[in-house]
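These are the structures in question, set out in turn.
Here come two complexes built around chain A, the first alongside chain B, the second alongside chain C.
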Partner chain A sequence: MLTLRLAWRNITGAGLRTWLNVGVLSFIYVLVIWHQGILLGMQRHAVNAMISDEISGGQFWCRGYDPFDPLTIEDSHQNIPTDLLSLIDEETATPILVRPGTIYPKNRMQSILIKGIDPDQRILDIPSSDLQDIPHRLPVMVGKTMARKNGLTQGEEFVIRWRDADGTFDAIEGHIVSIMDTIVPAIDQGQIWVPLADLQELSGMAKQATLVVVDQQVRGLPAAKNWVFKDQANLLRDVNDMVNSKRGGAVFMYIILMFLAMLAIFDTQVLAIFRRRREIGTMMALGMPRIRVIGLFTLEGILLGILAIGVAAVYGIPALYYTAQKGLPISDDTSDWGFAVASRLFPAYSAALITGTVAIVMITITIVSFLPSRRIAKLNPTDALKGKLT
Partner chain B sequence: MSALIRIQDLTKQFPMGGRRFTALDGISLEFERGEFSGLVGPSGSGKTTLLNIIGALDNPTRGSAIVLDRDTKTLRHREAARLRNHNLGFIFQTFNLLSVYTVFENVEFPLLLLKMEKSGRRKAVMDALEWVGLTDKVDMRPARLSGGECQRVAVARAMVKNPKIVLADEPTANLDAENSHNILKMMIGLNREFRTTFIFATHDEKVIGYLKRIISLNDGQVVRDEEP
Partner chain C sequence: MNAIYMTALSCFCLLVLFFSPVWAEDLSGEEILKRIDDNFLSSGSISVSTMIITGRRGTRTITSRQWAQGTRKTFTHFLSPPREKGTKMLKIEDALWIYTPATDRLIKIAGHMLRQSLMGSDASYEDFMEDPELNKTYDVNISGTETYLDRACYVLELTAKPGSKVAYHSRKFWVDKERFLALREDLFAKSGKLLKKVTIQEVFRVDGRWYPKRFTFKDVLKDGDGTQIIIDNIELDAEIPEYMFSKAALRR
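The block that comes next holds the complex of A and B.
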């Protein structure tokens, strides 16, 4: 209690030096939280977009299908099991057929996936209805990134080639009727969307599908023989992994900021012990045990950290709140990041993120305050009184 | 009853470039309660060193210093701190006030360490400041005080806990003649009133004039011990 009082007196008495430190530390709190908040916001946004545009309540995959292994696609088509058909009839599930194919936009060849989707489906929040009642054969929908990267525009036509069930190559003219505004790469890049019935017919795979997306409302899923159910968590794992891998840079930033925090405190402490050695000697001569002097100096550092929390709250909360509400524009091309990134990012600040950051910074401060203070234990009071360091 | 302070065959050596330098060489001395004594001698004769050993701030190389029946050599850090806290007051040539604290807080500091409760603390601090005539400066920071005032605060700080022994190392070295005399008169007064034992280290003639016992040191040895 006494130590706390003295520590408080010492840092408030130190004036500008204290406020400089508190300023730096508070800035670090805010920056770290802000930075982590951007990542968290990114992740949440990616997850939300994936749920609404791609995976909904989960997907049944026909056996052998692995979206990350192109070699499995060729054989990934099966009759839709009756259990799933009833869900589809109730409009609580929608089948998707995935076929490998090639397109020739502007006479360049490109291997892609052709995905057939029911234009009437309402499970996924994508404009599949644009494929409805189109006189063209074959109406095609592409994602905006796919369109941009390949210079595809609305109304453009190109040849699509695929192999049908017998292995024979076939070709048809595709006609872009819709460019889908999505941020989910998995339904955008390297693929085109066509009406399910057309794709089934063209490839000779009537009533077949590769996967069936189930609505989020569905409870009690049927077990479908030869089909594997991938729930949301399972399908989101990849995006979470990917976001985490993007944290490499973030970790670097984090380390730099923590280093700054450490430096601010460490420097103050080392300097304080050097400048205040006569004071230390005096306190010892007045009968303050060494351990208490060490405690006092350590506590001073910790108090700086706590003060900084208060100061950070004063300007940090409004600043963070503002960015969370208004979002931040992202101008860079993020389409090759491999996960969904919005053009406007809304940082998300969870309680765990904030308490976690504060805890980590405080632990760092405590350690860094304590380490230099340990030198006091080796300080000879007579030398300290003379203003010497041993 | 044994003496307040008993120094027996005390030797202090400092390592110096591989060899050892003897700062105190076989000193034996006793101090009784209420003495007003001083260690005098030329610079480097070992005055400060002896005072530090009596104050349990330093340990003898050989021999012993028994202060209030405790052999300072055997004390652990915490026990030495306790001994100083309870029974010893220090006055330094450079005042050594704690700069971020006010006059009041500086004088209060030893009482905080003694865990004295608030009202008792307040009274003791004000009494001590009354003694040194600084009751009008209680809320000032040391930086705004004159040298003489600083040393008076230091005297108040040393005296506030009513210690048995006050160790004063060149207390007047940074003061002018008038302030030196004021401080010394104050100390004489305190010595009379509370029978506090004062031990000075000094070569200041003004201080020597007040001493009731003069212990002359030279090259780490007691060359004279007299009561003028």
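The block that comes next holds the complex of A and C.
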């Protein structure tokens, strides 16, 4: 207790030097937590958006289908197996047919994917019901990024061209009935959405699909022959890997920040030992064991860290709370980021994130406080009293 | 550009020349098509052509030399401009490869890539892949006669035979009654929508056959004036070594 009181008195007595250290440490706490929170928020947002708009509880892919290999799209269509049809009938799954095609918005040619979806589906949170627009032969829904990049507007018409099952060209006027507000690039860029039944009929692929999206509530999925099930973890692997790689890149920044913290504490300790050598000699002369003197100096460093937690809480909690509530505006065009990113980013702070960050900083502070204090063990009390360091 | 030339020749059957004294009025649509198919094909041809592409950013001129064996094999070597020089393209049956010297890579053109524009022209790679033997794949009907470009023409309407795997569901030809050369061809989608149009501006005679000297290929769904193709010279029934139609030849 005496050591604690002494340590507290020493750091409060150090005045501005203490508060500079505390300021630097608190800034590091806040900055690391804030940055980790951004990455965590980005990951959660992307995952939630993908689950909601694209993958739900997982997808059955017809054999050979690979969305990342355009060469597989042409032949990726099969009759929907009976097991999956029963899920579709129970409205716990929805089929999607994907066909390659070309559109001519404003008489410019662009290769795209045509995706057919049931307008009545409730599995994915996209406005597919807008495709029930009967007056138009082929109602079309496009994502907002696709619309922006191609200058498409609601009500606009353009020619859609594709090949049917026999490889024969067909073309029809599509009418944009809906601009889908989604941040998921995989359902937005380079594609248009049309009613499934229309696409099946126009392509000569009745009762066929490329993939079947399953609701999250479904348990005990059937094994569909020639169809491969991709669960959520599998479908989210890319986005998780991408965020983790960004997190890995951020480690470099954390190392620099931790180095700053270490430097501040280390310098303070070395200076304190030099300036307080007579005090050290007096304490040892009065019978304080060397280990307690070392403990005193180490404790002073730890107290700086604890004090920094308090200071960080004073200004950090309101600041972090504010950003978590209001979000941070980022680039208007995040479509090239490769995964779902909203125009405002809402950081997320978990208890594990905060305690983990605090623990790492505290452990670092303890170590760098202890290292210079080891020199005290080698001090001769008489020399110390004379102001000598040996 | 020779590749486009051959494509146009084959896809759109632009050339028919008969030395037979029989008047065409005596021929049925099927017979005309058969004559087209029979007379069009050359055992081998070597040609040099120029393709003029007019786009929003100006005009580009591409020249190429092409070796063709029947309708199944073609090898194209682009000669200019410097950006395209050395690019080679090989078509064997329904497979297409392209070699670019800048990357020293051989790329198989398949899937969605077939839908992309060929060198920025109005033709796509898949146009290049069309099987030209129309008689096998289309039913034909002579729908009437018209005067087109001051030439008396038959109007032929072709509709894909059930189950035949063709790119265009229907085609319409304006065939010169005297020269049996299709002066214009319209290509339609299954829905009846006009997709592409080929028109001849100038013809010439080679080895007793009428060939288009200058013609325009136009994707009617796109803006622009289309792509003009000029046949600079052509040698018919030429002997072409088999190694020309190998992937190894692309890197040579």
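One rule holds in what follows: the second predicted complex is superposed on the first by the 297 of 390 C-alpha atoms of A that agree within 3 Å, B and C clash if a C-alpha of one lies under 4 Å from a C-alpha of the other, contacts with A are read in each partner's own complex, and residues count from 1 in each chain.
Assume a contact is a pair of C-beta atoms (placed from the backbone, for glycine too) under 8 Å apart; a residue touches a chain by one contact, two chains touch by 3 or more.
If you're wondering where the values come from, they're calculated on a predicted model, not measured in any experiment.
In the superposition on chain A, contact of A:Pro100 is made with chain C only, not with chain B. By the touch criterion defined above, A:Arg108 reaches chain C but does not reach chain B.
Once chain A of one complex is fitted onto chain A of the other, the partner contacts of A:Asp170 are limited to chain C, with no touch recorded for chain B. Contacts of A:Asn10 after superposition: chain B is touched, whereas chain C is not reached.
By the touch criterion stated above, A:Ile73 is placed in contact with chain C alone, chain B being left untouched. Using the contact criterion defined above for the overlaid structures, shared-chain residue A:Leu2 touches chain B, although it does not reach chain C.
In the superposed model, A:Pro289 makes contact with chain B only, not with chain C. In the superposed model, A:Gly155 makes contact with neither chain B nor chain C. Of all the residues in chain C, the ones that touch chain A in their complex are 110-113, 115-117, 160, 163-169, 189-191, 193, 195, 219, 221-223. By the touch criterion given at the top, residues 70-74, 100, 102, 104, 107-109, 111, 159, 161, 163-164, 166-172 of chain A touch chain C in their complex.
Interface of chain A with chain B (complex): residues 2, 5-6, 9-10, 12-14, 278-279, 281-291, 380-382, 385.
Taken together, the chain B residues at the contact with chain A in this complex read 52, 55, 57-58, 77-78, 81-86, 88, 90, 92, 94, 96, 98-101, 105, 109-110, 112-113, 115, 157.
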